[in-house]
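By written order: A, B, C and D. Residues from 1 in each chain.
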Amino acid sequence: MDYEPHARERMGENAWAYISTGTADERTLRANREAFERLRLQGRVMTDMSGAHTRLTLFGDSFEHPIFLAPVAFHRLVHPDGELATAFGASAIRAGMVVSTSASVPIEQIARQATSPLWFQLYLQYDRIFTQSLVTRAEQAGYRALVLTVDAPVTLRNREQRAGFGLPPGVEAVNLQGMIPPPPPRAEPHESEVFRGLLAGAATWKDIAWLRSITRLPLLLKGIMSPADAARAIAEGVDGIIVSNHGGRALDTAPASIEALPRIAEVVAGRVPILMDGGIRRGSDVLKALALGAKAVLIGRPYIYGLAVGGPVGVAHVVKILRTELEIAMTLTGCANLEAIDRSVIWE
Amino acid sequence: MDYEPHARERMGENAWAYISTGTADERTLRANREAFERLRLQGRVMTDMSGAHTRLTLFGDSFEHPIFLAPVAFHRLVHPDGELATAFGASAIRAGMVVSTSASVPIEQIARQATSPLWFQLYLQYDRIFTQSLVTRAEQAGYRALVLTVDAPVTLRNREQRAGFGLPPGVEAVNLQGMIPPPPPRAEPHESEVFRGLLAGAATWKDIAWLRSITRLPLLLKGIMSPADAARAIAEGVDGIIVSNHGGRALDTAPASIEALPRIAEVVAGRVPILMDGGIRRGSDVLKALALGAKAVLIGRPYIYGLAVGGPVGVAHVVKILRTELEIAMTLTGCANLEAIDRSVIWE
Amino acid sequence: MDYEPHARERMGENAWAYISTGTADERTLRANREAFERLRLQGRVMTDMSGAHTRLTLFGDSFEHPIFLAPVAFHRLVHPDGELATAFGASAIRAGMVVSTSASVPIEQIARQATSPLWFQLYLQYDRIFTQSLVTRAEQAGYRALVLTVDAPVTLRNREQRAGFGLPPGVEAVNLQGMIPPPPPRAEPHESEVFRGLLAGAATWKDIAWLRSITRLPLLLKGIMSPADAARAIAEGVDGIIVSNHGGRALDTAPASIEALPRIAEVVAGRVPILMDGGIRRGSDVLKALALGAKAVLIGRPYIYGLAVGGPVGVAHVVKILRTELEIAMTLTGCANLEAIDRSVIWE
Amino acid sequence: MDYEPHARERMGENAWAYISTGTADERTLRANREAFERLRLQGRVMTDMSGAHTRLTLFGDSFEHPIFLAPVAFHRLVHPDGELATAFGASAIRAGMVVSTSASVPIEQIARQATSPLWFQLYLQYDRIFTQSLVTRAEQAGYRALVLTVDAPVTLRNREQRAGFGLPPGVEAVNLQGMIPPPPPRAEPHESEVFRGLLAGAATWKDIAWLRSITRLPLLLKGIMSPADAARAIAEGVDGIIVSNHGGRALDTAPASIEALPRIAEVVAGRVPILMDGGIRRGSDVLKALALGAKAVLIGRPYIYGLAVGGPVGVAHVVKILRTELEIAMTLTGCANLEAIDRSVIWE
């Protein structure tokens, strides 16, 4: 977290407003942190830690540690090399990276830069043919999984609006070029812009089968906060679930992701792996997420702040700090590997 | 809420003290907001929202959305056209409006201005004959329902007192002209001014039958916070209930209206429609109120701030923002219409 | 509470440190207020309030309202006429007054000034013969009850110590002149000053019978916070109980008096009247105390602030405000007299 | 606590950063205080306190009161005479003192200075032969018990890191001179420094038997926060348990020690004595710890602040204040000796 104030200086108000903001009154943004702070750890002593490690396997790939980089749009907002710099840092620290649909660098270039496994994050676009081509490109470029974001068909970001955020020249969603845009909303003055226009093309459950039909990549849904939706997702055949409230950027007064996690883990019951993001700022937070049912976690703002301040080295350093903190927390709770982490490390 | 600071500048300290204040230490005023902030929403994803809308019907009238304007006295305190400007804005955004007994414009003029349905808010006056003529005037002017406010026979507004609030020249309760005032309190120095004087003419349960006898308008009681009173109100034959703590302006350390709502909804059990006001500042608050048993909500201070800053356009804009936020919140909780909103959208 | 800042200006730091302070970290002092703020009231509407009043009878005397003045030492610290001014104000507003053992005016003079009933507060002194003469003086001067304070045999007031509080010239415990002081502590350096010295002469349960034997006045114990002590007190034959934590000036991290009240009321079960003090700042607080089992309440700092700012008029005005607020709160909760106040006015 | 600001001035930023800091975000450091503040005391009145005292016996030694000095490294950081000054002050006030492995004065010199019983705190060192010699030295110098600290094999102190803490010239762990250091970590860049290096030599359960085999001193484990570990410790034959979270300096978001204490007391069930430290700042805190199962408590930062400000006199004064406060709290809760203190003094 020491990176945050430095990043703010470097990023300028425009990018800061985009990256740091949450939805509406930002209660969920704060809730993500506060819920982690409320969770407390049960210390254990004198455990034999010889041979301890943090390795895991996901969808056939093995990872040194459970800290992934969450999809964030437009890395070139904070660093001239954008996602290339991020991928370079992620590879150095062997962190899995989820590349955004709205990346500011072509996804093929990112794939050539990375030596750690990459996943591709997708928003279903109004133009389904273009969407299909995007998925094919990602598969061919060697991305190892598809992450469909489903929790933000429409949003409300007052702080971003108040700051008058706009993309600066030269930063754009290069991977979406050539796409047919959705038709403009055609609501009467007293009708709903939301219901008549903005939702055009939003993903619904029937899109899962279609996605399945166009790719063989493992498919994860990102943005699940409801046990019922988790059950439905598994029924529809998804391969993984990412518990997320979009970093507090979608539904305001949603609970913290870490609060939703155990309820979802109970319903999923180990049938598919669960990841989570939202509020991870300490290695002890990673430990708590794993204790409550996650196989791995994703961080967003922290690595963006690292990228803004130190480029690839900053990204790697942020992950390194979290990993070291995780190892210390594992030692002090007597867990010699990730499988040993269970609910008993939470003080209740 | 962005209107509030601007409104404060425009309104001057006198009107600000009158409008913004709550009773005593203003704990209930704050409670109204805090209770909404504590309530959290259960997000849902990938719901098919085609055909979504926010329409409802109340007492035979249909409304585009469930956001009403609560009765507030003396709109000319904040805008020269007073309630005419409000009615113009309300009609543009198709919002139901409840006109106060203490309106600063004749109720007939307001009725001519409005194209949305109007309801008339009544304080029982010591002069019952005058009260009757007022009800008759409202009925003849086309008001569609009668809202009897019952929760503030005496009050205590320290901040208003400290600011030395008084009505400026030209702003008055024009609809009460010609009324016989209550006799002055005649308490001995050691006796009670409250019990001996101020309560003269306050409404009691037996007045319901009398009101029934003088009008055919649907009758709502505004200010119910107790399940027992709600049951009694239905037994006395009222047509609707407005759960309200008078915006934190009556009994201090009363709970928030949104806390009282579910207990009252349980007792009422759908026999008459329930509305609520108190603390609505976001569309997600409207969603929460509907989830806990309200058919519609009323806003007070927010539209007054809109009126102070932007006149009719300000009023319409405030309602428009709330409606858009409501639609976003419905989308993110998977509710395609008001009937779909139930307790399951609340995270518990 | 508007009197408090003015009083602070008038009183000077010395008297302010003495009057305003609590024990240790002043957590109990704050708890007394916070507990009242947490308690919430269940509003009721349309109750018929004709004939409403706040009268009560205690030990054969009738009182216009249930707001008493608690014993506070040395009124001359804040007003040159001291307890005479207080008694004059109390009589004007017909408030019962409990005069302190440490009054700065002879108790006989106070009795001549007062037209409202007076009670006499007693600390058992090391010199029991002197104590007996004091009780006899109070009885002969017309005091109507004896209040034995039992909760502060030793105390710890850091803020008072830090301010270097001392009595100014001319202010003293005039009613204790001629008393034999306790012997000085004779503890070795490593022994306990508290256990070896300061407790000499402290009241124990066996003193109740002795007090009984020397006076026919009704006897109340002030400072009871434990149900077991309340039961013992009744077994020893006391006539009333005052639930009090000494205004947060005795045991720090004691609960608020208003929290202890219902537990004690349950044990006492109406066998003797219960009063309470600690944190009363609003008429709604009086209502809450009565709802939880008190017959009457005592205020301390508020009337001292009134005395400091406005002399007898200030004392009367403070009580008047509280009484008016109590009547408003009774109206808004539907209670037409003190007997009608019960637990149902508390929102639970 | 009045010593703390003065100590800060005297100590300089370097020593202040070392002594005052907690781990990570210092949530546990704050939790230690807040948990004591939340606990509330049940006042009792009129108890006969004649013959009251605070004496206790531990491992055959008798103590005037239950306030011990916790092991803290490098007293010469804050006072030129270091642990000698502390021992002098401790003896004057008859407080038990636990001397740290990292004392800045030879343990034999400290033993010659002290007239109160001393215990010796041990970190197991990588060099087990040296560790054995250290234990033998302590035993021969007359230390009365061995306290093995087990809760901080690796730590994370951000505030200390940010302040760039380092030992000043002339202050060092004189009792560890001649020890063979652990080998440097030999982790690859992507491997774990924590798991591959820093844990070398950390104590595990099998070390208890070894320690038993090299000394006849009573053995206490310091840093137990888990009931399971407490049970294991007793099964391994330890003679006492110190509930501690290392003053908030080890595992962040660990609960407060005082929260862990009752759970551990339940499991231990009186088989061995329990002590606790963490957050004791008032005599009422000592009372609370004893009520929840501790036989005695240890203070750390408070006496260090006393040492920094007033040398031996400061140390003795800090203990004296706490003892006096404890006696007042015992009086106001009706406990005439330590055996009389039980759970009933806690308001629940």
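Please note the rule applied: contacts are C-beta pairs under 8 Å (C-beta built on N, C-alpha and C of every residue); 3 or more make two chains touch, one makes a residue touch a chain.
Treat the numbers as computed from the prediction; the structure is a model and nothing was measured.
K.L.:
Any idea if chain A and chain D meet via the same residues, over half in common, or different ones?
P.N.:
Looking at both copies, the contact residues mostly diverge.
K.L.:
If every chain is reduced to the average of its C-alpha atoms, which one ends up farthest from chain A?
P.N.:
C
K.L.:
Calculate how many whole Å lie between the centre of chain C and the centre of chain D, each centre taken as the average of the chain's C-alpha atoms.
P.N.:
Roughly 43 Å, centre to centre.
K.L.:
Can you compute the centre-to-centre distance for chain B and chain D, using the mean CA position of each chain? Integer Å is fine.
P.N.:
60
K.L.:
What topology does the chain contact graph adopt: line, ring, star, complete, or other?
P.N.:
It is a ring, because the chains touch in a row that closes back on itself.
K.L.:
Go ahead and list every pair of chains that touch.
P.N.:
Contacting pairs: A-B, A-D, B-C, C-D.
K.L.:
What part of chain C is in contact with chain B in the complex they form?
P.N.:
Interface residues on the chain C side: 2, 37, 39-49, 52-54, 64, 92-94, 282, 284, 323-325, 327-329, 331-333, 347.
K.L.:
Okay, in this complex, where on chain B does chain C touch?
P.N.:
24-25, 27, 31, 150-156, 158, 162, 189-190, 192-195, 199, 202-205, 207, 221, 223-226, 228-229, 245, 250-255
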